[in-house]
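So that you can tell them apart, the chains are marked A, B and C in the order they are listed, and the count of residues begins at 1 in each.
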Amino acid sequence: MFLNVFINRLKINLRNKEAIGWSLIFSLALGTLFYCAFNSIYENAKSTEVKVAVIESDESFANFNMTDMLKELEYEDGTKMLDITEADYDEAVKLLKASKDDENEIKGAIDLRDMEDIRLILPGEKQVESAAFRSSGGIEESVLASIVSVFRQYSAIIVETIKSNPANIENVMATFEDETNELVKSRSISGENKDPYVSYFYSLMTMMAMMAAMAGAAVVESGQANQSAAGARVDASPVSKGVYLIAGLLAAIVVQVSITLIGLCYLVYGLKINFGGDLAYVFITAVLATILGISLGFFVYQFTGISKKARENIVMTIIIGGGFLSGLMIANMKTIVEMHCPIVNRINPSAVITDAFYALNMYGVGDRYYKAMAYIVGLTIVFIVSGLIMSRRKSYASL
Amino acid sequence: MQVFKAFMKIVKSNKAGIILYFSICVLMTIMVASQYKDDNAAGGFSSLGASIIVNDSDKSELSKAVVKYLKSIHDVTEKKYSDDDVKDLIYSDYYIAYVDIPEGFMDKHMTDEALEIDTVIDTSRAAGNYVSLQLSSYIDGILRFENAGFSLEEAVKNTNEAVDTDSFIDLKETDSNEKTSNSKTYSLFLFLPYAIMSIILWCLLPAVLRFNVKDVKDRTIVSSISTSSRNIALFGGSALVSLIVYIGLVVFVSIFLKGDIFSTKWLLSIINMFIFTMVTGCMLIFIASFPTTSVLKAKDIIVNIIGLGFSFLGGIFVPLEVLGDGVKSVGKFLPTYWYAISLEKIESGAELADLTESFGMEALFGVVCLAAGLAISKLSIYIKDR
Amino acid sequence: MPNTVVEINNLVKRYKELIALDNFSLKINEGEVFGLLGPNGSGKTTTINCMLSLLAYDKGEIKLFGEKMTPNKREIKSKIGIVSQNVAVFDELTVYENVEYFCGLYIKDKKLRKQYVDEALEFVDIMDFKKFYPKKLSGGLLRRLNIACGIAHKPELIIFDEPTVAVDPQSRNKILEGIEELNKKGATIIYTSHYMEEVEQLCNHILIMDKGKKIAEGTSDELKGMIKNTESVVVNVRHLKDNAIEDIKKLHHVYDVKYMNNILTIKCSGGKHNITHVAEYFEQSNLDYDRIYSELPTLNDVFLEITGKELRDKE
C-alpha cells in the first residue's frame, strides 16, 4: 500500500513537467544571472597595484631615495602597492588625462620635486561616496593619499629636526632605517570564500529549497476530501492516512531534492561558484533545506479552515518575505535585521538556511552550523509531525 | 462592465500579494532613506570614507587622537563587538574594519611591551587594507616624531598636518566624468521597478489568465459582450490597477523625499517610472499570451524570475557600475537597465530632451512585448481554427 | 430477512444557517439498488458524504454493515466503493495507472490487484484507452474511468453519486447497464440522481428527498400509488373554448384540467378507459384535435404532487 502510493505519487510528481521545468529554470536562470552579475565584483574589490606616476627631482634629498622606497611598498599579503611610472610633470599630467580604456592611464601622480612639500596630483574633482561602501571606486586615490601622507611625515620629521635640533639629524635618519614598533596588527576574517556576493547564491539555494513547499502542499491536497475530489477517494478508502501522507511526502522529497541537487550541481560544477566550506555539507544543507521547504507547505496546507488562496499566500509570504529579510534582494538585509531585531533571523527559515551556508563558509562545520541545522531539522520535524496529527482521520465541516 | 467587475474582484482576491510586496518596498525605502546623510560637502579631495567600528578601551590622549583621526575620514561607530559579530559584520560588507584599541595602549606604546591595536579586516580586499594602512601609517608617524624627540602633543600635531589631504593634493581637471554621490531621489526611485513588476505581475497575471482559460474565454466571447469590449475591459482593468500601484508608490516615496518633490529631478523620475509601469503592463500582455494552464501553474516562479532577474541584471539591486561588463551587455536588452540609466542621467542633471534615447529604449521593450504578445495570440487563434 | 447494509437515523447536518439534512433517516438492505432521488441541492451528496464520514454531522446515527461508521473504520471503508459526482482522477497518471492507484488503496496483493484492474477496465469498456492520459478522454470515457476507479476493488456497497451528469446517451446506457450487472453480481448499490427516468429504470427501492427531508419512499409503483393521479390524458387541440374545458372537468374520474399552448392535459384519478371518455366527448362536441394519448404517472408527478414543484428544472 505504501509502495503503491509512493510509486504513483512519484509518477505524478515527475510528470508535472511545468512545475519541474519552472523550478529548474528558476535555479538555472537566476543562478546564471547572479553569476554574471557578481562574479567579477569581488575580484575587482581585491587589492591590486595602483598605477601611479612619480615626478622626481634631480637632486636626492638627504641621500634618501623616495622612488625606491615607493617601489618596495607592499600589503601584508605580499601584493605590491604601486605600479610606478617615472615621468616629468607634463607627461604625468598627460597620463592623468588619458582615457579610461588606455592601459597607460594612471590614478595619480606623486610630485617629489619639492621634498619639503611632496604633493599628490589627482584627476578631476574627486569626491567619493561615504555612506555604503560598495564599490572600489576611489580607493586607489585614497591609498595614494595615505602613502603620500606617510612620506610627508618623513620629510616633515627631517625638516622639523633640522629646524629645531640639527645635531640630531643623523640619529633621526638612522631611525628611518629601523622598524618602529608594529603597533597595529591586522587580522583577517576567516572563511574560505570571503566574497560577500556569494551570499546571493546562498539566498538563491534557500529560495529554491523553500519553493519545494508547493510539492508538500500537493501531498495534502491530493489526500483530503475537502481539498480535492481525488482526496475524497483517499479519505473514503481504508488506507491509513499516515501511510498515505508519508509515502506522498517521500515521493515529493525524492523529486524536489533531485531538483535542488541539479540546481546546486549546476552552481558548483557548472558555474564553479565557491560556496566555501566542505562541499559534502553544502549538499547536505541543501537537501535538508529542501525537506524543510516541503514540510512547510505540508504544514500550512493542513489549515483547512482558511481558503486555498489564503494558504497559498501564507506560503508565498514566508518564502518571498522571508527571502527578502534573509538578503535575497539586498545582501545587507540579514545584517540589518540582526542588528535591529535578531529574533527574526533565528525564526525565519530562510535566514536560518542562509546562515547555515554562511556558517559553513566562515567557521566550517561547527557550533554555529550545527545550531542552524538543528533548527532546520527540528522545524521540519515539528511541521511534519503536527501536519500528520492535524490530518488524522477526521470528518470535515464542509466539502 | 461585467468583465471589468469580475476582473477587479479577482484582482482584489490577490491583495495579500500587494501587501507583501508593498511591505518589502516600504522596508527598502526606509532602509535607503535612513542611510542618507545630507552632508556631502562639495569641492576638494576627501579620502574614501568607509563604515568602521572602533572600540577604544584606552581612552588616553593618544587613543583619542587616533579615533579623532579615523573620524575625520571614516564613518565611525564606537562600540564593542564579540569576535563572531565582527566577522559577520565585516563579511556582510556592513563594516569595513573593526579597530580595537587595548587598555594601556598609550602607557606602553614607547616601550618594548607595547600593546597592539587589533584590527579586523578582510585582508584580500583593498578597502580593508586601506583602513589598516592608514591607521598604521598614522601611528607610525606619531612614533617617528616622538623618536625624533618631539613630545606626544607635538607629534600628534605634526602628524595631523602631514596627513591633511587638503594641503598636498592637487586636482587636475580631466574629461572623464567621475561619479559623485547620489541624491536621495535617485536612490529611492532606483528599486521601484522591482516593486512595480512584482505587484503588477503578481496581482494582474492570475486575473488576466483566469479570463484566458479556454472555456471562460469562449463563454465570454459567445456572450453578448463583444471580444473587443472584453479586451478593453481587461485592458482597462489592468491599466487602472497599474495606475493605482504607480500612484501609490510615487506618493509613498515622495513622502520620504520631503523637500525634493516637484523638482525637475523628481518630475523626470516619475515620468521614468511611468514609462516603466507601462512597459510592465506590456510584459503582462506578453506573458498572458502563452498557453494559459502552463502559465497559471507556474505563475509564482515566473513572477519571481522576472522580478528578481530583471532587477539584478538591470542594476536595480546592485548598482550598474559595480556589475561586470557581461551583465551590462545582457542588461542592455532589459527595461530595468534603461530605467537605471535614465535615473543616472536625471541624477547628473539631464533635461527631458537628453533622455529621449534611454526613455525610448525602455519603451521599446514594452512595444516589442506588446507586439509579440499580440502576434502569439493571433497565431494561437489560427492554430485553434485548423 | 435480508441484512441491513446502511442505516441512517435522524441525521441532522447544518451549514451555518442552512439546514442541509433535517432529521433524515434511511435504511438500505443487502442486494438492493437504492435510488436517492431529489432536485439539485436537496441533500443527496451531503447524505453520501456523511455516510462515508467525510463530512461531520450535528446529530443522528449512521450504521454501515451493522457498525457505527467513524473516520477510522477501515474494515467498513474497504467494503465501499464510491463513484463521485466530480471526476476524481489524476491528470498525471494514465487510465490504467489511475485505476491501479486507487485500487491499490484497497488491495495490497499486487497480482490480485492487476487482475482486478483489468477486470474493471474491461467492465467499463475502456481497455483500449488504458495508456491514455485523462486529458485526452472524452467526457463519457472520463466518466467510465471514474467508475472503474470506484469499483475496481470489488466493493460490497457501491455508491454512485450522479454518475451520468453530462454524459452522452450512449455512455449513459452503458453505465446503467453496468450498474445493473454489478448488482446482479451481488453488490448493493446506492444511486443518487435527479434524473427520474434513470432511477425508475434502475432502482428497486426509491427514496425521494427535498430540502434535506425524506418525502416519500418505496418501489416505483408504490410511490406512484401514493398519489391521486393514475393517468393523464393529453390532447393536442387548437382554440379550445373555456366552456369546453369546464365540460371536460365534469367528466368522470377527472380532477384537474390544464390548457396551455394548445395542449390540454387532463388528470384522472382511478377508473379505466379514461382516454376513450375524453375522445368521445370531443367527437360529441364536434371538436377537432390533432392527437390524443395517455400517460401513466411518473416519479416527477409524484414529486410534483407532494412538493408542488418540478423535480428538476426544465431542460
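For this structure, a couple of remarks:
Just so we're on the same page, contacts are C-beta pairs under 8 Å (C-beta built on N, C-alpha and C of every residue); 3 or more make two chains touch, one makes a residue touch a chain.
As the structure is a prediction and not an experimental result, all values here were calculated from the model.
Counting steps between touching chains, the shortest path from chain B to chain C takes 2. With A-C and A-B as the two chain pairs, more C-beta contacts join A-B. One inter-chain figure worth recording: chain A and chain C are separated by 65 Å, centre to centre, where each centre is the mean of the chain's CA atoms.
Computed centre separation for the pair chain A/chain B is 16 angstrom, with centres defined by C-alpha atoms.
Within chain B, contacts with two or more other chains are made by no residue at all. Residues of chain A in contact with two or more other chains: 16. In chain C, no residue reaches two or more other chains under the touch definition. Of all residues in chain A, only 1, 4-5, 8, 11-13, 15-16, 222, 225-226, 228-230, 232-240, 244, 393-399 touch chain C in the complex they form.
Residue ranges on chain A touching chain B, taken from their complex, read 16, 18-19, 21-23, 25-26, 29-30, 33-34, 36-42, 45-48, 75-77, 93, 96-97, 99-100, 111, 117-143, 145-150, 152-154, 156-157, 160-161, 165, 168, 172, 175-176, 180-191, 194, 196, 199, 207, 211, 214, 309-310, 313, 316-317, 320-321, 324, 328-336, 338, 358, 362, 368.
Every residue of chain B that touches chain A in the complex is listed here, in rising order: 13-14, 16-17, 20-21, 23-24, 27-28, 31, 35-37, 40, 42-51, 75, 84, 86-94, 96, 105, 109-110, 114-130, 132-137, 139-141, 143-145, 147-150, 158-159, 161-163, 165, 168-182, 191, 194, 294, 297-298, 300-302, 304-305, 308-309, 311-313, 317-319, 321-324, 326-327, 330. Chain C meets chain A in the complex at residues 15, 49-50, 52-57, 70-72, 74-75, 77-78, 80, 82, 84, 86-90, 92-93, 97, 100-102, 104-106, 108, 149-150.
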